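Should a chain be cited, it is by its letter among A, B and C, assigned in written order, with residues numbered from 1 in that chain.
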């Protein structure tokens, strides 16, 4: 199991998240509910990336694509006046699964630098596709008129309801990914990361497992996009731009690669920092760029990795 | 006279201008240990890599258990009963010894699209894995991270992982590489116990191991087999002496 | 779709291909020899364009701007190599991606801080701004022909250097088997710095030539970077020949494809569908091409790596 310290921090964090709306209300700063909702969405996305990047060594530079696809699932259907949340969710899951499957088939035959560049280029292809789709706003984007409707009584226009929906999704996906990492399937993915030749030598046809992992990551990230579309009520190809993919990678690294839980904090740290720095200067990236280089050089293990307590990949 | 379990016919492999495997004929009879010796660069590991399926030959045939396996992938060959241990230790360093062996067992326990149950506490995997570790002599170290094992123990783990796949034949690439005298002797005794249950292709530099274990020896020089015979025949073969045994390796120990 | 239009688009494609080649050549060498993913290569292109517009603004002469820009880009490239890239050689690709991503952020803001947020203007000098009749009644901008010419000259010069000089031989050896070159006792550090500096100069040159044709603004490098990656992936890492072939192919494919596709689609579908799907499909063409090529040759068309 996780060390006591890490487990307590993790549980404590979820408790804080659960209590947050009440706290925000108490200090009369409802803005934090919206902020943390956003943080949680990107936590889900970052975690899904860590699943393949940290555990599977598949350095996908196009992961933000799936956030975009998720928002498009909501937005396009809403545009055609289909606001049934279940239907949108179905389209989202099937769509992201299909696309990640195809893209995985193409990219996973390559490795190393080729893999990074192909995932990068393929994701950009969708970005340009999004820009050229004029009736969905092109590069101006499109407001989403209505949020998803799931069932009577669930009004996700209410910030609190939306918040807890996101928190619920985060909790479920965190738990699910954690179980998957430690399952037989997860062992194959992790083993392939460590030594793919050896895995094949003992009898694992690794390609299909890596592809499956790639698809799982894409679908989970698509869920994050689905939530984002509902939260921001806006659809734009900018969500898919490779800069966003870069930001996801930063969140994973800052949180701790290959730790699954680290990226939750990485997303938090990155978004808070971005929010904080941009209050001071419009040119915050000027400072962040070199900071990022320093982080890569000296703090590569990330926040979670800096915590004491035996950390081996198996979370034994 | 039964059929060989492994039969290699006219195997050829070149890298650019360098011929690594030169029209090689080779076979292993069921239950025998057929050792392959030769100077460094003779192409021994390249040879094994082709049999295991990690390297595609330029031409020639490889028959295992009567079947032409040329088109089969490495995982497929593993499922047919071919297991390999690597010359350069290839264990999963961040997994425990138990998890390493459990992975081999998992690979041969149906598909692994199983997403829920925790693998490291799955008795279907850990019990057989523990048994194999015990057999090999690593039972006490089951929960040690493979990266933290001593070199000799990692070599033992290599063999354990190969055995855990339930093979008919083992391709062992210098199992005693880097081991001290005592450890090499333990490995020798262990391999001796396996003799008969498994067919083996054994690549070795350590002459004691070769002469005490092997039923037949083939000498490989520049990808060509210059002699095949019993250990005694090889020891007395002039051509072999000239090409190879004249070097330091002839003296016992690695 | 007239012959004239086709020829014009074809030449535009060649010109775009030249830009791609200049950027990709340096990038493929850095990737092949130094095994470093450098996302900030697009920033070098951007800096070249900015420097060019400033030098041109100061001196009024494009030639002088070119002459000034070369040493400046060389120095900038070498500084980046010494300060940042050196720390990344031993690191894995993930680290390199993140670190050079940081460089992109830095440079994109740096140019805005120094030059301001507005795009930099660069108008062509008179002697370059006319048209030439390449075919009867077919005027074509002189400048674009000049760009093609310069690009071809640089390509020829680069080929000469790679195949005929000692430095070139080291570069080729390094691209195909990096560890060997170090083992041969060659001063690897110096080789790396030179290669990187050279790549910076080429990228800067592309930026200079592009400045009159497109807006010089923050972030302009990244669009070219994507294409450069596609070029390298298709052409094969470490291969100049591959970069040249792939650049021209992609340049033409992209430009001609974009203009032909709407016409082609009209043959198959109705006008409305062609209107909407046309541009969308056109922007995806290059990536589809890349995916197809990679499916059959995952190492690109002319992979240099043997070691």
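Here is the rule we use: a residue touches a chain if its C-beta (ideal position, glycine included) is under 8 Å from a C-beta of that chain, and two chains touch if they have at least 3 such contacts.
Owing to the predicted nature of the structure, the values given are computational and were not obtained by experimental measurement.
Closest chain to the protein centre (all Cα atoms averaged), using per-chain Cα means: A. Taking each chain's centre as the mean of its CA atoms, B is the chain most distant from chain A.
One finds 32 Å separating the Cα centroids of chain A and chain C.
Chain C has its Cα centroid 49 Å from the Cα centroid of chain B.
Centroids built from CA atoms put chain B at 43 Å from chain A. Multi-chain contact residues of chain B (touching two or more other chains) are absent. By the touch criterion given at the top, residues 179-180, 182-188, 190-191, 194-195, 197-206, 209, 212, 312-314, 316 of chain A touch chain B in their complex. Within the complex, the chain A residues that touch chain C are 53, 59, 61, 106, 109-110, 112-114, 116-118, 120-122, 124-125, 128-129, 131-135, 242, 246, 249-250, 253, 257, 283, 285-286, 288-293, 295-297, 300. Every residue of chain B that touches chain A in the complex is listed here, in rising order: 52-54, 73-76, 78-79, 83-84, 86, 90-96, 99, 103-104, 106-108, 112-120, 122, 125, 145, 161-162, 164-165.
Residues of chain C that touch chain A in their complex: 31, 35, 37, 84, 87, 91, 93-95, 97-99, 101-110, 112-113, 222, 226, 229-230, 232-233, 237, 276, 279-280, 282-284, 287-288, 290-291, 294-295, 298-300.
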